[in-house]
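Below, chain A partners chain B and then partners chain C, in two separate complexes.
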Partner chain A sequence: MSAAAHPSGRPSDAVPGLGRRIGSLRSERRWALWTAYISLIIAAIVMLAPPLYMLLTSMKTSAEVADLSGNPWMVHAPTWENYAAIIGNPMFRGFFYNSIILTVCVVAITMVISVFAAFALARMKFFGSQVLATGVFLTYLVPDTLLFIPLYQIVGGLGLLNSIWGLVLVYPTLTVPFCTWIMIGYFASIPKELDEAALIDGANWMQMLTKIFIPVALPGIIAATIFAFTVSWAAFVYPTAFITRPDEMPLTIGVVSQLIRGDTFAWGQLMAGALIAALPPVIVYAFLMDYYIAGLTAGATKG
Partner chain B sequence: MASDSNAAVLAARPAAARPASSAMKRFARRRSTIAFLMTLPLISVIGGLVVWPAGYAIYLSMLNRRQTAFIGLENFDILLDSETFRSVIWQSCFFAITAVLLKALVGFWLAHMLHHIPTKGQRMWRGMLLVPWVIPPALSTLGWWWMFDPSYSSINYLINAIGFPSVPWLGEPWWARISVIIVNVWYGAPFFMIMYLAALKSVPDQLYEAAAIDGATGWQGLRHITLPMMQNIISITVLFSLIVTFANYDIVRVLTNGGPRDLTQVFASYAFQVGVLSGNIPRGAAVSLFMFPLLAVIAYFVLRGVNKRTKEMA
Partner chain C sequence: MAQVSLRKIVKEYEGGVQAVKGIDLDIADHEFVVLVGPSGCGKSTTLRMIAGLEEISSGEIDIGGAVVNDVPPRDRDIAMVFQNYALYPHMSVYDNMAFGLMLRKFDKAEIRRRVENAAKILDIGMLLDRKPKALSGGQRQRVAMGRAIVRDPKVFLFDEPLSNLDAKLRVQMRTEIKKVHQTVRTTTIYVTHDQVEAMTLADRVVVMNHGVIEQVGPPQELYHHPRTRFVAGFIGSPAMNFIPARLEARGDNLVLLLPLGTELAVPEHRAERYRTHVGKQVTFGIRPEHLTDTQHISKQHVALLTLTPEVIEPMGMETLAHIKLEGTEICARLDPMVEAAPGVPLALAADMNNMHLIDDATGLVI
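Our next item is the complex of A and B:
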């Protein structure tokens, strides 16, 4: 813009005083940078303090946890015995095992349902497809706490209370709408020329999906898979409502309800258990952060 | 329906079986049939596990406790008459509005700060600041619960260290409310930060350059460029978070379990207590249905925002 206004030379030649303003701009920049770093450091301390404190507690012996005289943010004699105890606890291993089975099933079901549906909704205009796409988005907005009571009745009627298969049945309500929604966005962004070329070469719909759409939209599929994984790993309302038997509990409700027993809590073990339970999503996040964030922001920016 | 007519053709003209069966094949190969089959699982999930339970909830809420008689709107009546439920309505609204406002402000501030630093470092900071959003909230709230513990509170230790008296975090109603909000803001602000950062990055730099040359201050740039450009994404995020926060369950359940004296109960935790723990399923259904009108209104605006955005991007 400035170049257009002053085609003859540098803008500072043409506008007197601009040089000085750029100087003050620079000091303003430096000041802004300091504010930014100070804010970010404070925010990082606040954001990371709770998990850090959980880690510190998990490395303390019960005696050190109960000792009120010292600084709670310090560990004097770090120990891994809480981790050994919690991993040696067969009930906790059971929770972990249940969570893994549950999550693997839910992620597989979710991805099959949403990839097919998104392909149909993005590419094959059919009667009611627009309404259905809007419906998918609306169901994404329905929170689980609105539906858990009727679902409790329905799951109970099917005899699936106190079973992880009841959870496998209802978890797709949490994952399918959003995954379908972001997959529609990814599929719709694939150029039409690609499928026309495939059609001319005689590909059928199925080949088109597996040979073109899935490979091209792979980042979207990874993002959706990560979303489905984190949501089913962290789900809390449904297992809390449907499962009361410890041997069928997944990690979230298991750690919260079964490791807290009696008046004297084994805080060290409890925190160790919570951290181990939180580890899988954190690992996925650490390695696939870009996909994770793409999935997070895709809901509002795509589709 | 079309397959019925094909079958009729097949039955009426046995001699013409071959063309009819190829018509069947053509029908099976038709786009709309395939599309329908592909969306069938989705339709059954939405229909069987969302729409039907929602309708069933309305029916359930009009039954008596043992689900033997139809009592109309009595459950809603009884709830509105009870002091506890009125405090639940108040607490839910107070919690949701305060928490979402704080999350939006903190998220906007952090996104802005993150946007200012050199791109190289942004990844690392973003990675650290998003950690609260990644940990399952039920588990991280357990950590907060321990930090708020009346006798061992590590937060109180820090507060004492700078010379202030201990705070009865979960023991006193107002502090308990504030604690729930703190944990929710801690958990949700990173999400806002990520959304706003993505939006900030989509604002073209030329706009700011042009404004700077016209002598605009940083504040004016924010007011007249950033906010209008981000308006849509801000409203979508706020409305979406309003739904999620309003319907929140895990944080309240783990941190206070509704206490002290039911004063931190929100719709979800109260519905759980009435419906599942006390076994009055119809009344529990009625409690959660109270969320519905508000959620429907918010959902309408979210949808409008998203559609507008889709049109803008197209």
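Our next item is the complex of A and C:
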């Protein structure tokens, strides 16, 4: 309908009810936006309050933490002494080093296994591949709180208790199923014609994986890597169960075991240690968030 | 370059469904053969079996004198162009075209020479550094063809390569494909559901239906001498008109008796061929261009009809009139200068020299 036909330029003049509908749409949208903003603000407060409280506590002296008279959300005499104490402590640096070794090894093992497994399950159709793919995912649903006792027996049997190499062996049971599942989804979203074209071009299965699938599925691989990194960096149950020697502890249990003595909590250092421990995942997510989202939502829409 | 032979090729899926039911086909060296048919007729499955992407249930495929049933796709020396291009998204156009040669360990100078030569043939020299996502549909299809050309294979296989393009680009790319074939002369097997593509591109057209070959022949032969009702109806646009009729004798002559009593005289020179079917129910087939206005048709062996069009479609170079003839929807092709209007009776002439008669019992053209 041209504007010339309606000199007023308001289509609602000619179409009864149109103006009201637009108005109603706008008000619906306004309500939706308000609801969204309020929900997001509440969610942000709930999510950000603990780390903020950690940051504030980490900047207080032990005396200020123990003083219950003031507002706990205020820091009267900010100090970096907790951070200095943590960073200057060779044991803490050892925890950090253990966590890095552990995470790098687990991520490497996980990615090698899950990329190969996912490629085979998504593309090399063989007898039972569907059942196997579902089975892989089902193993992810078994919680580590249920597995740590039998795994303790296995790790103990292998003589790997009190060693980060025991954890390197055990963590992939948490990471491989989910990463394989993510990769199966990603590989399945790659058009079938691409591997057929590669086959005709002369590629064997290995070349197809390394030269076509891995580069094309890079966002998925990065998403899986981030997942493996997060799980491995933050795992708590297994190291608590398998490690008691401080020099073999990763950060998650090291901080807790060394800074809580009986009922004495070194709150300032605990919070500083936890925040330093949280830094690597935050950095990784900040840089690779887009890939992570692209990887997890692959195949959700036809693209 | 090579010839391709299919001998008693069968493709049977789990559950006993046969997609291809024992077809035989010989394709000569340098030939451009188009497999055409409706969805599910087995044409793509046949092509994929030739490529080695589908296993053959039984029969033999021979490329260049060697049976390739158990040869993997990479060793069949074929190149394939897919409907959705199947370009590697992370590689540049150059790398896409060079990939097959790199895997075959060609030296870099030879790869460059071949890629540049193919790029010149396809006029994509300026796109070599781009990624596929930065190309239009037509450019992507050229790159896909380039990837096939650089390999200099024995056989090119095209699987509905133009289906993703818009109508205008499709016509343009059709011409490009024909030009490329005239330049490189590689044996080509091309699958399409579009009979216009089949007619314009092919040296020979293979019409398939329900997993069998209905007819093989040059486009003109299929058009003018279809062997079955399916081919007669599938080839040609608008499709051939089919009108139920009974063949009757009137003395020495034969006539077609239409459902409501109209009689159309069969030309004498065809009477002998049709005489065995006198008294039988048949289908009278006539193409729209042979049912036209009375000014533009030779007067010999024509049946004159006055019919009332229901819909008139002016196409520019011709006008199509949709008419009901004794209960059957038919289409007539008129000269664009003829004044025709819906609901206004129109004098039409059916050129009985170009009639077809189909045996209803067998579906074969008599």
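Here is the rule we go by: the second predicted complex is superposed on the first by the 260 of 303 C-alpha atoms of A that agree within 3 Å, B and C clash if a C-alpha of one lies under 4 Å from a C-alpha of the other, contacts with A are read in each partner's own complex, and residues count from 1 in each chain.
Here is the rule we go by: a contact is a pair of C-beta atoms (placed from the backbone, for glycine too) under 8 Å apart; a residue touches a chain by one contact, two chains touch by 3 or more.
Since the model is a prediction, treat every value here as computed from it, not as a measurement.
Asker: Return fit or clash for chain B versus chain C, each positioned on chain A through the superposition.
Answerer: When both complexes are placed onto chain A, chain B and chain C end up side by side without any clash.
Asker: Between chain B and chain C, whom does A:Ile212 touch in the aligned arrangement: first, second, both, or neither?
Answerer: second
Asker: Figure out whether A:Gly220 sits in contact with chain B (first) or chain C (second), or with both, or with neither.
Answerer: In the superposition, A:Gly220 contacts neither chain B nor chain C.
Asker: Examine A:Thr134 and indicate which partner it touches, taking first as chain B and second as chain C; both and neither are also allowed.
Answerer: In the superposed model, A:Thr134 contacts chain B only, not chain C.
Asker: Give me the angle at the C-alpha centre of chain A between the C-alpha centres of chain B and chain C, rounded to the nearest 10 degrees.
Answerer: Value: 90 degrees, nearest 10.
Asker: Considering only the touch criterion stated at the top, classify A:Val255 as touching first (chain B), second (chain C), both, or neither.
Answerer: After superposing on A, A:Val255 lies in contact with chain B but is clear of chain C.
Asker: With both complexes overlaid on chain A, does A:Gly166 touch chain B (first), chain C (second), both or neither?
Answerer: In the superposed model, A:Gly166 contacts neither chain B nor chain C.
Asker: Give the label of whichever partner, chain B or chain C, reaches more residues of chain A.
Answerer: Counted on chain A, the partner with more touching residues turns out to be B.
Asker: Considering only the touch criterion stated at the top, classify A:Pro191 as touching first (chain B), second (chain C), both, or neither.
Answerer: Second partner only.
Asker: Looking at the overlay, does A:Ile200 come into contact with chain B only (first), chain C only (second), both, or neither?
Answerer: In the superposition, A:Ile200 touches chain C alone.
Asker: In the superposed model, how near does chain B get to chain C, counting Cα atoms only, in Å?
Answerer: Least C-alpha distance after superposition: 10 Å.
Asker: Which positions of chain A sit in both the chain B and the chain C interface?
Answerer: 204
Asker: Provide the residue numbers of chain A that touch chain B in the complex, in ascending order.
Answerer: Spelled out, the residues of chain A in touch with chain B are 1-2, 11, 21, 25, 28, 32-33, 35-37, 39-40, 43-44, 46-48, 50-51, 53-54, 57, 65, 68, 71-73, 112-114, 116-117, 119-121, 124, 126-127, 129, 132, 134-139, 141-154, 169-170, 172-173, 176-177, 180, 204-205, 230, 233-234, 236-237, 240-241, 252-253, 255-256, 267, 270-271, 274-275, 277-278, 281-282, 285-286, 289, 292-293, 296-297, 300-301, 303.
Asker: Quick check on the complex: what are the chain A residues that touch chain C?
Answerer: For this pair, the touching residues of chain A are 191, 193-194, 196-204, 207, 211-212, 215-216, 218.
Asker: Flag every residue of chain B that touches chain A in the complex, lowest number first.
Answerer: My answer: residues 29, 31-32, 34-36, 38-39, 41-43, 45-46, 49-50, 53-54, 56-57, 60, 106, 109-110, 113-114, 116-117, 123, 125-132, 134-140, 142-144, 146-147, 151-152, 154, 157-158, 186, 190-191, 194-195, 198, 206, 209-210, 212-213, 215, 218, 233, 236-237, 240, 243-244, 246-250, 253-254, 267-268, 271-272, 275-276, 281, 284-285, 288-289, 291-292, 295, 298-299, 302-303, 306, 309-310, 313.
Asker: Can you list the residues on chain C that touch chain A in the complex?
Answerer: Within the complex, chain C contacts chain A at residues 51-53, 72-74, 78-80, 82-84, 86-90, 99-100, 103-104, 147, 151.
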